[in-house]
Structure formats: C-alpha cells, structure tokens
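One structure, as structure tokens, below. Some questions next.
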C-alpha cells in the first residue's frame, strides 16, 4: 500500500545522520522533524534566521518573535543561533547545509524540480526554494508519485515552471525511493510496503531504472 | 608662516560639523580629533570595526582588544557600536560617512590622490585607503604642500601610483586651503597666517585659481 | 551624542510621499513595523512600491495598506496569505515582482554595502533568469543581480538607543538589519528606547549610522500567523 | 548537541599541510589566533599561503611564521610593521599580493556567502585594476572582484560554545567572522569555552555551522602594537 505523508516523513527521517545540519521545506518535510531518532544530534535550519530549531512551544512558552520559515511558533535547542536573512542564505549558498528536504509538484529524470508555480493559478512566490535548490549539496524531495487524477509527477521533463535544474539527488514518494542518476533517470532503490515494481513502472513517466531485486522499505 | 601639522589639524577641525560621522586617516588626520570643538557631537569611525571612537584610555583602562585602525589603544563613547570589517566597509561604500580626512603624498588638480606607494621603496600596502577614496562622498586631504626638497605636491597629474581618481574635494596644506573644482584646478580659499599668495603660486605646480582677495585663515 | 529620536510616529514618517519606494522589515507578521504601517494607512499616501519579504495577511501587516489600495507594486519572495492581495493582483490593480528570498536578502544587503551587482546561482534555468546575464564560475552558471535600495526603509527592533543603534529579538530580526542599511532614509520603531550608552556596543545588530530617525512604538499586537503548540 | 570541541591545539591543526592556503583572523595583533600560530610554528609546515589583513610584527603574530620561513605568500591589505617581511620580500623569498582592505573583507565575505563575484568601486583607476573587468553602474566605474576561500580558516574569539558558536570582543572581531565562513575547515580558538546553551542565541556573532573545530586557547599575550594612553 502506498505510504501516507507520515510514512514518507518517517522513511526520510532515516536519511538524517548524526551531526547533520538540515533544512526542512514546508509540508511533508516539516513532518520529518517528528521522526528523527532521538539518539542522533541534528541542527535544523530555518531560513528566516534560526539554526537549532526545537519543538513547538508549550502554550505558556509561545513567543511571537520566534517563528520558523512556515511562520509557525517554535522554540530553540541548546546551541541555537539567530541571524538575519542575508546571513541565513549565505549559509545556504556556501553549502553548509548537509541535507535539504523539499516538497515538489514535479521532478524530472535529470533532477530538475518544479515546486513553486502552476500557470493559471494564483502565484504565491518561490520563497527560499530557488536559493536552496541552486546551492544545497544534498537535496532530497518528498512528494506524491502521481497527481489525484493519476498523472505521474516523476517525469522526463517537468511541465511546470522550474524551481531549479539538475539539483535533486533522491526522491521519496508514496510508492518508493529513487536515486536520480548523474546521467539521468530514476533508479528504484526501495518499494513502499506492499507496492509492486509493476505499480511503480506504471506510475512513472520518466526513465525508470530497475536492477535486480528491489527490497521493500523498512520503516522503523 | 607655514602651518605645522598641528595647525593643519586645527584648521581641518573647523570642517567637522555637528552630527557628522567622520573617518580619520593615519597621521595628521588622526590629530584632528584633538581639536574638534567640544560643543558639537561627532561620531568617529575606525574602519577596523568601531563607530564612536573615544579618547585614548587612561593607563588602567587599556584594553588590547580595543584598538583603532592605526593599531592604537582607544576607548568608546556612549552610543558606540562594534562590527566586523565587512560591515565596516559596507558603511563606507554605501556613503554613510559624512567626512573622510586623509593624508596624501600627491594630489592632482583633477582630485586624484596618491598616498600608498613610492616606487623603489618598500610597499606597505593601501590598507583601507582605496575603498575610502572610491566611495566617500566628502574627502578632504591633509598634506604638506611641498616635499622636503621643495617639489610641489599639488600637481597637474600625480607622478606616484594612484590611490583613487577624481575624489578629493578639498586640500588643507601647510600653506592654504583649496577647493578642487569639478572642472579641475585648485581654487585658493584661504592662506595660512603670514603666507602670501605669491608663495602659494610658487609652491603649486597644478593649475591654481586665485580670485579676488584671499583671506588669511582663522584658527581658533 | 548624536540624537535620532523623534517623539511620534507621524513625525518619523512625515516625508514619506505618494509614489515612494519603501522597504518594510519582517518575515510574515514577525518583526514588522506595526506603528508605521498603521500611521501610513492613516496618512493615506498612495502608489507605494513596497519591498517586503511577504505582503501581510488580510487586515494586518501590509494587508492594511492593500485594503486601502495604497500599494501599487509589491516586491517580495512570497505573498500567499492574503485574499485582498490576490483580488487586486487578478484585477490588474496591483503589480507584483517575485524574487527568490536569498536573492532578495542579498540584493538589499548589497544596496546597503555599496555593491551595485553580484552573481548568484539562485534562479538559473528558471523564468527568473529571463533577460538576466548568465556567467559561469567554476563550471556553474550564475545570474547577475543588482542591488536594491529604497527611498525609505522602515524597520522594527526590540531595543534601540538615541544614537540609532538597534538590537533585534529572536527571528524578528530577519530582513530588518539589511533593510536598515539600504534606505536613503531609515526609520526605526523600537519596543524599548534607551539613552545612548546603555546598550553594549558588542551586542548591537545595526549600528546607528544607518538609522535616520528612531521612536518608541506602542501597543504591539504581534499577531501570530500559525500558532503551533505542543 | 553537535560537539565541535577538541582538547588541544595540535588536534585542531592536525591536518594543516605543506602548501595549504590559510586565513588568519585579526587586525594588527588584535584578535589573532595566538595558540594556532605558535602550534603551526612548532609543527613546521612550509609553503603556506596566508590570507590576513596584516603580517604581524617581528617576533609576534604571523611574524613568527615569517621568521621560520614557513610562509610562501601573503595576501593582505597592509604589511608594513615587519622587518623580516621586508627582507624576505626584497630577496624574492616571499610573494605578496596587496588588496584594498574593504575589497579583502568583501571577497572573504563573498567566499562564505556563496557569491562567486561582485562589483566594487575600490581601486578603479589604480594599478589594482590591471587586468580586471571594469563595468559602469549608475555612471560610476566598478571592478569585478572574485570570492576568496581557503583550505583552512583560523579564527580567535572571546567566547565560544561546544556547538561552535562564537562571540568576539571589541575590535578583536575585525576579519574573524567573515573568515570563519570562508574556510573549507574552520578552526576557532577561544578564551572561554562553554557548553552549548550557555550563550544567548541572540548575541552570537558566528553561528556554529561555520566552525569545524573549537578549543580553549591558553596564555593569551595580546601584545599591544601602539600603546597610547592619556
């Protein structure tokens, strides 16, 4: 059965390693924070100017001057630092973030990503997404594999306006986990529990590479 | 009689207005701080990262972590701020300094300045001088009018390697005060006490403009 | 000491005029100059070009100036929380220029640092790159981006002193420090205004040289956009 | 918490190798990493390219590494306080590249900010402009300048925590914060090292993400170059 958004977040949490600095996009990526194992130490960066983001506050600790990039009230952990928006993106552009987790509307087999604009719909803006995808060393995407009407979102080329070129390293969808190869193509690494390779082939428009036995993912 | 360096500094101090942010170069400019009238309020910027430089410390207040751009121990005044070198030159380049006072080896009638390098001699470096002259809105120069062997230092064109082009607005020498006109030329504004216009004409190689009666400068 | 204090918000914004370009500090509703926004609404000046990471929400923040149709153009990275905004945009009353957040921050920082242009990788290969110069450094394409400056910058700080020095609090810092450097006239409203000499020079985020006028703001509402608690 | 602490200076500099490019924080002798400089002298590695605003004095600061001929090239804005320097320069043993101080600071800041190049007016019309691209913005000519990065950056702070966060003191801040961002490996020596959580996040000058290793330095001499008193 395909994963729900919590399942995707749980699986992605396994990619977060001890000592990582991590930037989490809005949506499923934000959920990942809830599933990071408690025995590893991670610093979450929020691009509005906070390194060392903690949990949501308890009611009595809410501070309107302390929010994350999703405009949610948050707390800080020990070792946190505050800085301005220029310094925040200085950090991002200079490649200091070990792992960047973003949502996407479409990803291409070349690692292009589209996640900010749908022609004909109200455009809300790209926020920090274009800066993140242009500079982060290690970008992984959390997304639904297909649209509600069954169209694949893992494509040969993106149909929506791009956020960035050749930048996505790995995709975690509700159906599986995929490496994006340097030469192009989605290499299937893991299947969601109960999802068959055939279902994934059906749901993937872009070049899919399936080699050998594909294990079912293990979600702790 | 020509002014000594203290006289030049005293005369320049009259150019400093209430509320000014001022950057003082090394040498005579540094002396200017001693003669700023006590009834006006001025913020001195030191490009190593201090705005609001105060007097030298008393012996018991010396702090090796508090120096000016001349590497002298200093104090801060109320309202001072500390910042890093990039922020310091951000301030300078964005034209926030009201008055910049520099020493010079040569100045041309076009407002070019040479104050960092003598071919054949050990080159110490330009420090922050090139940044200052390229960006400051209001640059005045404190200098000797002639070299020890009597050569003019107010020239048609500088012979020494330049620090900056078309940037000096006013020159205060031991002989007089000069506007540098936008179309070129040193316009004589004031004579040093007891110095004649003829002496100044003799000592000036660049185009000198003398119109009407030239008053003797008044030094408080 | 140089004293930048003014007594009232109306004095602080006295020369902001129709057609002005204004930077507003803040990220979402966090760290926005609430007093100045309210006073600008009251003053009723029109045709403003506003540079702000976001555009407020209906009825708060820059949403107030949108409601009264005082804004002609928004320059932002994300404007999605505002129905009035959407309505005016679709009707063609409002112009909007969207800029990647890091590029927006860096362009404003450049404006305040006397750097007229710089190269950044953000936006290469996207429609943001249209008509922009592309240049390759170390094998990677970059876009040429120009500084942003404004007639007025309006920032909100936590503490300030009469010399104009500012200290921000928490993530309310965001765009405020860069904007403070990039206005021809910079107006700072602060929660707490102290005499020069009371702030530790080592803890100041914005040196007073960048601030033209400072005043103590009142009645901060600090509305929370997404209240999330455990 | 992420812990960047190492116990000893020799562990902090363990991988600095012959031929490395190293940034050293400090302005004159103020805010220089005294412990690391002494350890590098002891270690004896050679052919270093050093990026530092100044070159120390005879017998202190980078003058120590000049005395032992460990430096191949200096990249600085002002190097005038050092006879050993002058001797080696005149004999051709030492190479020097002089950069205007503001350009040096901005190039290092750009290195740490992922900005490969920018335009600045400093140096236009001088020999510094030789072979540099000139571009006119708003009628004023500017030079294209490229970022500076280094294999190692060595900075000195006042207080630091185990997560690598740094606070500098007085004018000992100078080039240290930008250099901290521009090293592939950044080593921080601090006068006081505290557990993460003890520094106020709002007062931190350099976020720990930029620091690879941190250790508590000892026996700071803090030699004064020009003692001036009333």
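Per-chain residue numbering starts at 1, and chain names A, B, C and D are given in the order in which the chains are listed.
The working rule: a contact is a pair of C-beta atoms (placed from the backbone, for glycine too) under 8 Å apart; a residue touches a chain by one contact, two chains touch by 3 or more.
Everything quoted here is computed from the prediction, not taken from an experiment.
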item	value
More contacts between chains, A-C or B-C	A-C
Distance between chain centroids, defined by C-alpha means - subunit B, subunit C (Å)	36
Distance from the mean Cα position of subunit D to that of subunit C, given in whole angstrom	33
Gap in Å, rounded to a whole number, between the CA centres of subunit B and subunit A	56
Centre distance in Å when subunit A and subunit C are each reduced to the mean of their C-alpha atoms	29
Subunit D residues counted as touching two or more neighbouring chains	106, 109, 113-115, 120-121, 168-170, 202
Residues of subunit A whose C-beta touches two or more other chains	50, 82-83, 86, 89, 92-93, 135
Chain contact graph, described as a line, ring, star, complete graph or other shape	other
Chains touching one another, given as label pairs in label order	A-C, A-D, B-C, B-D, C-D
Footprint of subunit A on subunit C - complex, ascending	27-31, 53, 76-81, 86, 89-90, 98, 100-106, 108-109, 120-128, 158, 168-178, 205, 222-230
Subunit D residues touching subunit A - in the complex, by the definition given at the top	1-2, 109, 111-115, 161-163, 165, 181-182, 195-197, 201-202, 204, 207-210
Footprint of subunit C on subunit B - complex, ascending	19, 21, 41-43, 45, 50-52, 76-83, 86-87, 89-97, 135
Residues of subunit B that touch subunit D when the two form their complex	46-50, 55-59, 62-74, 82-86, 88-89, 92-93, 112, 122-132, 134-135, 161-166
In the complex with subunit D, residue positions of subunit C that touch it	106, 110, 113-121, 135, 137-138, 140, 142, 146, 167-170, 202-203
